[in-house]
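Labels for the chains are A, B, C and D, by order of writing; each one numbers its residues from 1.
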């Protein structure tokens, strides 16, 4: 079992539609940037892990076509899809591949091209025996869980809107982010079209075309290849039961995220996450979810999430900046979204986050969230 | 700049899903007897709806059928304003409509289903609701049209 | 994850080696009867140049067979099925040990590839042999279980692995038995393990997936 | 999309119509536009391995480098793999098309997957030439099929 660090990241400009590249070329763009960031060539890469929700683009075994874009010819290529957690699952798989001692350098690439697909129909292809008869879409399902969370915790639409504003303001300093909304305000979020009570259009993530890559190196290679690698300190996955109604107050309890965070903190020795963690990139598909994740991740006591955003604790200049990149609320190519969380956390630890750099970030948290209340937690640090 | 092309595909697919003993029995009771059945876990005693062969928490086999009432309590709700494609018809479902997680009397899980009411001011968590059944049942969850608040008026609805 | 269940076994083994888990359950399943198991393979070809021709596994296997001077193969019978194995951290239990694994992708465009060969299988085997410390597979491997969704593939994979006249070539006919795609490779591993419970030796389990076996995976087990 | 009710055998049938629009990107767009507007077939040369890749693409899958030079190939070539059309194979009911083939176009180092038509005895080694469709839209089927140039 080896220690492993990320030595390079790369991503595309995320946008509504990338007509100028195929999926394979999109993946190559992120791959090439990650290789350049790591200062290596594709020939140095021992194995590749890919992440994509192929049903959204009508593909089967998408690694067959797109693997070439990640330089996968005659290399060990593995493709993983676990809904929203696909990207973080692939990152954890890549970490395991490297830590196993089998491979020295592992490339992970996630991508999605929603502009090519039938995302909404794809999402409607749920359990044919049950869910298809009572469908309300991803937004409707979130809204149901949110109503319980709001009722129990008393968070307000204004507090959720503050999360949405924070994300888009941060995105304005991230050249790769999809949504660039100048002058977004709480009022504009609350005035935007209602999708499903209490979710307004601007509370919700977009659908993006984009790809993102990270490159791992094992302990004997990483320090030679990178002056300030981001070491993986913990990587934990938790899955839960399938139906939305199986889970007691899903967003309130969010036991997968609580359990994964608890185990990850234990491995790293974190006892006071808000104080000890320098920056977090968490998978928040909707503004309210970020508030719920604050509690599940132990950033605050139960019922205190609203105060956290009110007090600016999670703003760029706060005690624990959350999603300096703009998060999923600003950029969401699903298969890449989890990889972007890890890449952005890595960039912070490496000091390569540019205009959205959190000063002297040394300990970073990344999470993944999947539709069945699945959670991944990854912790990275300078040492 | 080069003209950029897109290549289109339309795919027509059909599937044939096996329902297995537990779902077939659930549908049979719903269609033929207008009864809702759940399965009880022998270990944690949770009553599951939808029925399934194993308890996700205990990994115990589920065999004990339990009748669940068609009335229950709203545990979560929303009004959906953005149209989605209804998987049963392929058409956009007209909006707005109410949606809820309903804990049916006798079940430990909640059922996601439609509400007749689409004014959020008239819905609350904890509200008691009653299923409104389609007159001719076909054997799907859609045989329950939606749920309405339990009151005197409910009794006159298609009962 | 996508690909053959044997690849999932490799993933599970690496998670154990990484120290993440002590015991891993690996499950592969395919319920081909639900849909059109050949039609769906059209979705695996690039959507610009190959998918619009209507390619599927039956058509491209016929192309591959032609390069081997063989008549178009009949599609294998495709069944519903699932397979599972349990992997554990190495222990003193005299269970067969997984000592090598490797997997690789070939090029995607059929016209880029030499369909009479499989560089991906060569590469997968090379990686597995390196880990297993095998330098003469013909000598060191006692028996082999190969995956073939079409009958001609068994001979092709065997010749890639061991040359045209292979003495270690010994396998049950997966295609004839109709083991589902994506389960077949893991099923090969199960066959190998069951036999290694009765006799000692070093065995190779093989899986493949995608157009004309574009993806290849090899696992070496010893007892 | 439609999801049916459970039938007497205990099965639920479902049908789905899904539409996808795949971006061809700059390289494939240029290739397809040349088929449409000029009835020409182009490849791209890999500066590392020197192979001329057909259909044209932006990078070499083996060398992972950008392709450079555009090279016109064909329209004639040699069949390197052939499968007859049958009820099991695609392209049935497509008129003169008799089979699916990999065609090694003159000047190319890779082969193109396409249809063979107007051929009595198609086989590996047969010399063929592209027949373009009357109506072309910037699609791989702007080449209708390849027909023999010899008996």
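A few notes on this one:
The rule is short, and it goes like this: a contact is a pair of C-beta atoms (placed from the backbone, for glycine too) under 8 Å apart; a residue touches a chain by one contact, two chains touch by 3 or more.
A quick note: this is a predicted structure, and the numbers were derived from the prediction, not measured.
The pair with more inter-chain C-beta contacts, choosing from B-C and A-D, is A-D. Chain centres were defined as the mean of their Cα atoms; on that basis the chain farthest from chain C turns out to be B. Averaging Cα coordinates per chain places chain B and chain C 41 Å apart.
Chain A and chain D have Cα centroids lying 38 Å from one another. Centre-to-centre separation of chain A and chain B, using mean CA positions: 30 Å.
The distance from the centre of chain B to the centre of chain D, with each centre set as the mean of the Cα atoms, comes to 46 Å. Residue numbers of chain D whose C-beta contacts span two or more other chains: 1, 3, 12, 14, 16, 18-26, 28, 32, 61-62, 139-140. For chain A, the set of residues that touch two or more other chains comprises 19-20, 22, 58, 68, 73, 116, 121, 124-125, 128-129, 132-133.
For chain B, residues that reach two or more other chains under the stated contact definition are 4, 6-7, 9, 11, 13-19, 23, 85, 87-88, 140. The touch graph of these protein chains is complete, with an edge between every pair of chains.
On chain B, the positions that touch chain A within their shared complex are 4, 6, 9, 11, 15, 17, 19, 23, 48-50, 56-57, 75-82, 84-88, 93, 99-101, 109-114, 120, 125, 140-142. On the side of chain C, the complex with chain A involves touching residues 1-3, 7, 11, 13-20, 40-41, 43-48, 101-108, 119-120, 123-124, 127, 131, 209-211, 214-215. Listing the residues of chain A that touch chain D in their complex gives 17-23, 25, 28, 42, 57-58, 68-69, 71, 73, 113, 115-118, 121-122, 124-125, 128-129, 132-133. Taken in their complex, chain A has these residues touching chain C: 1, 22, 24, 54, 58-65, 67-68, 72-81, 93, 95-102, 235. For chain A in complex with chain B, the residues that touch the partner chain are 19-20, 58, 116, 120-121, 124-137, 139-141, 143-148, 151, 193-199, 240-246, 249.
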